[in-house]
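In the two complexes that follow, chain A is the common piece, with chain B as its partner first and chain C second.
What follows is the complex of A and B.
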């Protein structure tokens, strides 16, 4: 099962790439934990998470070909 | 109903069959408040004034700096050192003398925000820091004003329409549905620290002006409950649908008085010098993170607290228990009315000077009173 991850702003600074695919992840919480293992700095980041462009607030099941996007807050104006 | 000049000034947009004189009239009657006359505010102000928004308010306490001119194109090199608000008024009035421009060369705070926002139909957020963004959001929620949000950093920007109900679903969302908790300063740098491409606030600020014009005139479909993220390097857009959350309702001060008591600096930076927190701040903190709550009253003292988990360590015994205290989380100490907990705070701070510990102002009595009022 493959899902696409998109990251924005400061999160992209941490991951180094803006988009990639991973497989074997069943839920958004599992994904968040996996990302922190891979990029420990993410543990300190606040971000909004969207599955297929809809923001989620609780652990959400992931399905084949879902796209998960991580959007950090910006303050600049 | 227009003078010949007026008609000529707006001729190109009145000519649009979806727009016409009706939309132009709506713009003329509209009152828009632009908070922050910087990178986002400048382009928004210029086009809103040019389009004929009848009343424009501008809030900004700052003066013009040479480093602003790369993106704040309303100002000129000879304006350096002058007030942004005063300069913006002169330039906008020169551009369009038919409109009213009100300037507020002040900092927006929890003491003046409601009074300022109340007089306008719509707010454009062009500020550059999180405390002010949360403050503006909450003020707009309390006063039921649509908020056109915009933010930029480096090569990316965000724009969205908050606190405006989608006419089909009737759903209305706000900034706290998107980002319930502010980020740590270290994980969310400012443009001042990491830079911004000059054209980017121009693009986002103009999208904000576009959304404002759509909302006022009723043409098109505003970005209700949506944030669009724009990447200038890739020239790509990605949108996020926001859902209304229970959590955001708990985080927003529930009335005007609690708004004026909510310390936004503290909420966003967590390390303000004030060792006391209000009941509103305490509730926001409990919802947003794991904290250690200590009841320093004597055992069995009333009222009993069952609403949240806390440890009972009476003031007299506090010192004995201190070595076992977990100082990783923030600590909130409370007593009946807030005076013993200030003493307890001094004891904790003496032992752990770097701990983030607070005393609950007004004690558990104030908290019960506040929460009773909320639920009754």
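What follows is the complex of A and C.
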């Protein structure tokens, strides 16, 4: 099962890449835990997650071909 | 009531000519009695002794377009608006230039003014756009909305 990860803004500077695929992850909390191991600086970052362009508030199950985005606090306008 | 879908993002600053043209396009819509225009301009904030010279905007464009549509639909449902347009810059916008253009029109001014405030508030809070405040020496900080 493969999902796509997208990162933006300041988080992109931590990861060094904007998008990649990952497999074997079943939920957004599991993903967050895996990412913080890979990129320890993420632990200091405040961010929201969107699954398939919808913001999520709680742990969310992930399915094949889902896209998860890590979104730092917005600062448009 | 017009509910035309269009692209919100504009590369670089939103020019006064673009804004003037947008106003001119409404002269044929004679049921309109009031327009309200909000223009967001890039400010020369001083942060730790360094002056901001530009903001470099980036976005999760697919999600942002979806969010802009959702906010636009909500405003149409909430206010008696005849016409509504939203434009946001992407990329570099220098201080003194315009990066957000929200344009609402209604038969009477109250609705246009209220809808405009509603739109700007929701845009700032809910749309995945990020601004990088760039200083003269090309260093930068990530903008925080207040």
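Annotations
Definition applied: the second predicted complex is superposed on the first by the 73 of 77 C-alpha atoms of A that agree within 3 Å, B and C clash if a C-alpha of one lies under 4 Å from a C-alpha of the other, contacts with A are read in each partner's own complex, and residues count from 1 in each chain.
FYI, a contact is a pair of C-beta atoms (placed from the backbone, for glycine too) under 8 Å apart; a residue touches a chain by one contact, two chains touch by 3 or more.
Computed from a predicted model, the values in this text were never measured in an experiment.
Once chain A of one complex is fitted onto chain A of the other, the partner contacts of A:8 extend to both chain B and chain C. After superposition on the shared chain, chain A has more residues touched by B, the comparison being chain B against chain C.
Applying the stated contact rule after C-alpha superposition, one finds that A:76 touches each of chain B and chain C. In the superposition on chain A, contact is made by A:50 with both chain B and chain C. Of the two partner chains, neither chain B nor chain C is touched by A:39. Within chain A, the residues touching chain B in one complex and chain C in the other are 6, 8-10, 50, 53, 69, 71-77.
If you check the complex, the residues on chain B that touch chain A are 36, 38-41, 125-130, 133, 150-154, 156-158, 177-179, 181-184, 186-191, 196, 201, 227, 229, 231, 234, 238-243, 245, 247.
The touching residues of chain A, when paired with chain B in their complex, are 6, 8-10, 18, 44-46, 48, 50, 53-57, 69, 71-77. Taken in their complex, chain A has these residues touching chain C: 6, 8-10, 50, 53, 69, 71-77. On chain C, the positions that touch chain A within their shared complex are 40, 57-60, 62-63, 66, 88, 99-100, 120, 123-132, 142-145.
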